[in-house]
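Please find the structures below.
In what comes next, chain A is part of two complexes: it sits with chain B in the first one and with chain C in the second one.
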Partner chain A sequence: MTRSQSMQPQSAVGAPVARVDGRLKVTGSARYAADHGPADGIEGVVHAVLVEATIGRARITGVDTRAAEELPGVLAVFHHGNAPRLPYRDNPFPDSINPPGERLRAFQDDRVRFFGQPVAVVVATTPETARHGARLVEVRYAAERVGTDLAAGTPGGEPETYGRGDVEAGLRSAEVRLEMTYRTGRNHHNAMEPHAIIARWEGDRLTVWEKTQWVADPRNELAAAFGIPQESVRCLSTVVGGAFGNGGRTWVHSVIAALAAREVRRPVKLVMTRKQLYSGVGYRPAYEYAVRLGSDRSGRVTAMAHDVRGETSRYESHADDMALGRMLYTTPHVAQTVSLVPLDVNTPTWMRGPGWSTAAYALECSMDELAHELGIDPIELRLRNEPESDPATGSPFSTRRLRDCYAIGAREFGWDRRNPTPGATRDGDRLIGTGFAAGAYATERMNAQAYARLDADGRVVVQSATSDIGPGTATSMSQVAADASACRWTPCASTWATRCCRPPRSRRWPGRWRASARPCRTRATCCAPGRRPRGHRPGLTASRRRPGRVVVRDGWLSVGTDPGRGETYPQLMGRNNRSHLEVIGSYEPPEESGFSMYSYSAIFAEVAVDARLGLVRVRRMLGVFDAGRIINPTLADSQAHGGMIGGIGQALLEHTITDHRDGRIVNADFAGYLLPVSADVPDVRAIYVDGEDREADPIGVKGLGEIVIVGVAPAIANAVFHATGRRVRELPITPESLLG
Partner chain B sequence: MDISALPLGEITFTPEGGLRLGALARMADVAADPAVREAYPVIAHALELSASPQLRNMATIGGNVMQRTRCSYFRDVSAACNKRAPGSGCAAREGYNRGHAILGTSDACVATHPSDLAVALAALDARIHTRGPGGERTVPFADFHLLPGTTPDREQDLRPGELIVAVEVPPHPRPLASGYLKVRDRQSYEFALTSAAVALHVQGGVIRSAGVAAGGVGTVPWRLRAVEQHLVGRRPAGGLWAAAAERAAEGARPLAHNGFKVDLLRRTVERQLRIVGGGS
Partner chain C sequence: MSSSQPVSGDPPPDASPWHVSRRTFLVVTGVAAGGVAVGLAVVDAAAPDAGTVARVALAVNGEPVVVEVDSRTSLLDLLREHLELPGTKKGCDAGACGACTVHVDGRRVLSCLTLAVRLEGADVVTIEGLAPAGGALHPLQAAFIEQDALQCGYCTPGQIMSGVGCIQERHTGSAEEIREWMSGNLCRCGCYVKIVRAVEQAAGEV
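Our next item is the complex of A and B:
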């Protein structure tokens, strides 16, 4: 904690308190999915290692498991030829977030749908033996022609369309027209913790220790796959070592682990290798994003056509939300098509700022191109197109403080010192440029339920079916709980979740599961022994007669007219012989709120480009965010910095590369897939504009975890243009794209 | 076999001013050695720009020179690779080859040698000292790493049972200005796209000797003799650096994804000549 007790504000929400589980994490004692063992009642665990297809599209003609099975310690090898048929009930939205299509099943047929698909699993008494065994399994294939390249022009499926006004007429009559196509490479989440699961059966009941962003999803998907009631599956997830969207759905390896555990009648642990994470779980798909812009000379954008193509698998259609272009600017004529191209790849999934970060790259670079074309300052251009109400729906915005973001950001960044001419600022061998981009992200609201208990010792316990994926959910929840129970926020020994799975019976979605610093997740406790204000007398008999007049502050209950007379929660419960008080609360967002709700970003970046060598270095970056109420500024900074660093990766480094001859990913490790390192991350700063959003939810939060990456890549790309005068319309921006 | 207990960790200077690095000297220790930094900044720079501090604390000079290519097909056992499995083919030639070599390649293999230190040692005319069942040998650095030819699985001139015991840098005429430049996508912890090691001895306003080598572009640490020849006997002025660097990519055979290296190599060499030799 950075504040002394005496300075602690009345409200715990808003205080920059340290993570309640921080010590556990930095000392290595926090237990991630694969770390569980005998202490958690898991005895006799055995180990599973996947065998992946080494071909991009094929029929399996034979699996030779003899060598593996002869290895001492190998218990079993499963593949499509011997795996039990599983019921695989449908598991559609809203019980799951499986996209439309038929999900990849655990060894249920002989098809290879993508390079790296699990085709067998070896179960052995040690991880080493299982790995050795996996190397010995020989799979024979009848190869088929593979198509994995979005740029090869494979036609997409039926596009999702959006339109308002008459875009073609709008473009025809525009004084200025621009047309360009932006391309983004495939990105992988690359969380530190690999996907991992321990599966244990007791009769027909399955317990899994799973890496997940949403504890109800493994429960629902495993129940569906094995055809058992949801109540028969328990999912435990304590801490999660980052997920960024990839823990949203339950992937096939989890079903494989449970299948193996059922067959060998032992708990099975399966930990994916870093390499397997490039094909076994999802990724941010590659996109081609064509933009046609029409504007008048004063910079009013009159028409905008967006035609988007994105990669998906042949068995599922994962669609990212490309709505940014519909709501960010007033533009009267807008047309959008979003088409998914089925390829021989595994299904993509959400990755931080899904859809919105990709759309922001295209939209915000095109706005920068327009600003340059018209000779209008890029921020001024945005202001000239700033809507008063949501142009897509006509609804008022709940809150939209984007103008404030621009103004604060411009002031803090020193935007007015910018020489608008590209390529005009030099520092030795380097060209200096600054760039700007705006962004938005939809505020998502889900049904949520939480259980709260006030113990006789004054401790408040809050539980909800969710996991802490890293934003500090246990901490922010305990802050909210402290305020809600009017108790003093004190971190106590057990502040941290040990079990997160208490799926309430009728709920569908667990809390707000993606943004940061939001309430209603995991279990959180805060100690609230209650303090009697100095000179105050005990006793609160009045409360019985007029409960409505009881005032609680700092855990001290008193009656409105006589604040000196009161008692603490422990006293109250002691007097009434109660061990605890408990309540289950739930939240259901109104079907129609009548408001458009988004978080917003304004990103400013300064880059230095060594143009002769093609090297782009980010020098400093500022993000100004309108995310509603900030529960904890320290946690918010960790989200914002992480998101902005992710944006540096998206802009300059990160690119999953496929060898299109066979669909093999050729840089499936941290040496080949480049994430920003400390040296690439200079001065990164975040500012949050003041304000809550009471329309968004009862505690005024709009969500921060996603918006922090939206706008970063275009701000950097625009800065590169400003530095060099060269427009690169492809991410990541590599040295070769700047040479010549 | 664990050789870490052998007494091969010394960093010593010969009376004539040469430098002898024991094969087990740690990368971090050599990079931090004040005498090395003073006499051969190019070695210290090349080491400091290699790998990560943790790796440099453990890794040795012998191991660094011996390290194998980062070609991802070489490290993926399900891919064809003549270096790993002779005769199986080369997946990189027609595959994804952005990181691969443009110099010294053959039909059989186009992988780069990844070491930074080796580039500096090539520019400094180093020698490798080995010991084995047949006694001691000294191999000029330029001959130590083998071009892939038709046998990319044979990478060094090292006989069965032989060990590197030391790397020796011969005495160089003084003053010697030297340094190493590494060009890469991210600012740290990545192998080179291109790199240049330069050592210049300038006396009386004339370049008397030049050692120039490049990394990230060759199947072996690549000595740029044509560049050196253009420099020696000339005054470090005006367009000399560019004219010399122009010859850096002679004989380059670019592949589908690494064509940019041809130009980038020239520019890298030009930049580093200017940084070491001065002028604009």
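Our next item is the complex of A and C:
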């Protein structure tokens, strides 16, 4: 495996060290939001269960709560008819990622905007009673006509447009023209941990134990909803059971829990059911993506028109970034329109590789179709369209090692053994195919702040406002901290925690940086008692005058010219009577870097398609990634596997089906919405091309968490075409789509 | 409230939900300090639906417990909400994800589909009881760390309890066999490749 080299010798960064919180997680002692209780000082928790609308669009004409309220143990039932009016200050970007529009509020009016919208909440002393009570609440509606079908919907507002060159002229003069429309199903994040919150008021101060990817967001949104200062809200989120983008926003159930807690004067725990997650939080919207493509016979793509329609809610406009088609290939003539179709649905949100993974499906399948049309190898076709600088902006790429990804991937996967003819390879009843796709994901940088403290015992503690949704943030941050302080990395019993009450300007976009780790994310500890090299003499006299000449290695400070003369951090601090040293560091990305920065992927997949049943199985998959510096290859592999396996779901299994008569999602559970399981995932492998990206950020990371899913679905779809000779232009590729 | 309760030992009425509830109670008897449950609550005999409460004696992680449970309470909720053992996770509450896997009488079961009232005399082991607190890890727990067979960790307790079951059932003849017998445990973070490796590794050790 190719691995990134680190700058420093003896570097903790780049080492495949084990997760510092591994023991917590394998012993069941890691505490997720809903796991908190008396042991954490939360006494007297009561339980809240949501009542959801059973109609897609309506006015509520009455709520009968009597039966529920008569149930012993039920403390209260709240709905729009009796809930207090909340101030709901605006909370726009950048304090939140609330998209443009009017966000859904907690029981503030009688409107039902989508099937499954929370319309009441039952609070009771036990979960059993609260659940029972929720079933007894009767809601009456004045029904209205519901529209949930993307294909039948009308775009709202003006589309977002992009253009370069003259795409219509380019298409007219092209030697080869292709036109096709791809459709993608709606995907749900379905993190294993359901969204959950415990809310506790002390006077007018609110503490929440919340599932979130960005701890500042619940603080900001709850402060805005209740009209209290941000300083009055404390959000605690130590470990998060997966989020994939859905923990970026603070959804209405969190406000409902806080509202209930304030009214019943008890801490309230609200855990969503799996079914409620299909309408109560976000999802990757369904898209229609039309491509018109013009090329010459040698495979140079001269013109490409992208017309995209995606679903959003009627109350907010969620837009994914569909920029992939502008920058991946040289193409001189490009036009793009992205329209949002408002429907009677809840608002979508970012989901792993948002926008880019959807666009990659359309773009990379269309390139595969062109390769087939022209009889050119799919990788060779990409190479013929590989740009030297960003065709969308003209800027140089900070780093773009996509050619290396292709070459390494082709070699490791055995691409040259491929028979290019579709449907030509069989293994018994199974048709075998291989497919390839490329991908990119924008490297985004935000302000960040971290607090670092060096204790007298030589321990370094770094804190920032974040949460760990699974990438191993505490581990990789502590590796970065060890190198930054030139200390030895020791896996301390990690007592890391995340809190956000006062400070931090550290921003986090859902998943965008969920990568091979950036600095400044969470609290990380590395033990650095400092070791004096054998035979070395203590004392650092020269350092006072020329601190720039002090060299630190392994926690040992010495003067450049005399490595033998030096001392450890504890000695230095002891000599100066200091109990600790602390500093707050900030990072602000430059306004204009002058570079185009992206992570890249090259995905190779082999599938076997049952010729009689249409069942598709992925046999093996290889991803080669240009993600900049890899902080920890072990954690990176886990991320990469996860992204690629998520891509298997996107390609072959995952979509919700809506009954357009009432807007009900008919498969809102794990029995009907299929996720990849172990048996779906044989051999998955990731390779990272060497190198860091010094333009991207100070530690050379471009980001891995998103790119690992971009290109997976089209690689599988292209493999299915290669296996069967049938081009299915809709995700997921189900057995019936291959049998029809 | 009738005069028959609360009895001494009850938390003060305002500090605890227990006294209010007529449906789900926890009684701890015969558990020494340091047992799995804390506090003492007493069934409200005057509760109108007291008929739906049953007394069950079982062992949880080796500790004998006697609980008075609402007949609707699942083993999962008993562990998480009433015995303060939140290591066992709720992913779907419908038998479809495996996050709630525990061992009952040595077999892996889905605790969300197991009614607590059915567990008279049962021996329940959860992730918290798989290895002694602070002591050596079970080989599969160690293998999960070594192989990095986890990310967010939410499915992990269920994966490990299921993996221990898989090993005991001797369904570890090949990676393919492990994949089949571990496919009841979803991992949305996509750790399957490493989970299979961890089970393979531990199967070779135990």
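Rule of thumb we're sticking to: the second predicted complex is superposed on the first by the 706 of 740 C-alpha atoms of A that agree within 3 Å, B and C clash if a C-alpha of one lies under 4 Å from a C-alpha of the other, contacts with A are read in each partner's own complex, and residues count from 1 in each chain.
Note that in this section contacts are C-beta pairs under 8 Å (C-beta built on N, C-alpha and C of every residue); 3 or more make two chains touch, one makes a residue touch a chain.
Given the structure is predicted, the values throughout are model-derived calculations rather than measurements.
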| item | value |
| --- | --- |
| Comparing the two partners chain B and chain C, which touches a greater set of residues in chain A | C |
| First (chain B), second (chain C), both or neither touched by A:677 | both |
| Touched partner set for A:180, first chain B, second chain C, both or neither | neither |
| Partner chain(s) touched by A:740 [first = chain B, second = chain C, both, neither] | first |
| Touching partner for A:552 - first (chain B), second (chain C), both, neither | neither |
| Contacts of A:471 with chain B and chain C, given as first, second, both or neither | second |
| Partner chain in contact with A:67 - chain B first, chain C second, else both or neither | neither |
| First, second, both or neither for A:129, with chain B first and chain C second | second |
| Overlapping contact positions on chain A, where the chain C interface meets the chain B interface | 669, 671, 676-679 |
| Of chain B, residues touching chain A in the complex | 70, 72-73, 76, 78-79, 91, 94-96, 183, 185-191, 193, 260, 263-264, 267-268, 271 |
| Complex contacts: residues of chain A adjacent to chain C | 18-19, 21-32, 34-35, 37-39, 43-47, 72-73, 75, 124-129, 132, 189-194, 239-244, 266, 271, 273-274, 468-472, 634-635, 637-639, 641-646, 669-671, 675-679, 681-684 |
| Residues of chain C touching chain A in the complex | 14-18, 20-24, 38, 47-49, 70, 72-73, 77, 80-81, 84-94, 96-97, 99, 126-128, 130-131, 137, 141-142, 144-146, 148, 150-157, 160, 176, 178-180, 182-196 |
| Contact set on chain A toward chain B in their complex | 54, 429, 612-615, 617, 652-653, 657, 659, 661, 664, 666-669, 671-672, 674, 676-680, 734-736, 739-740 |
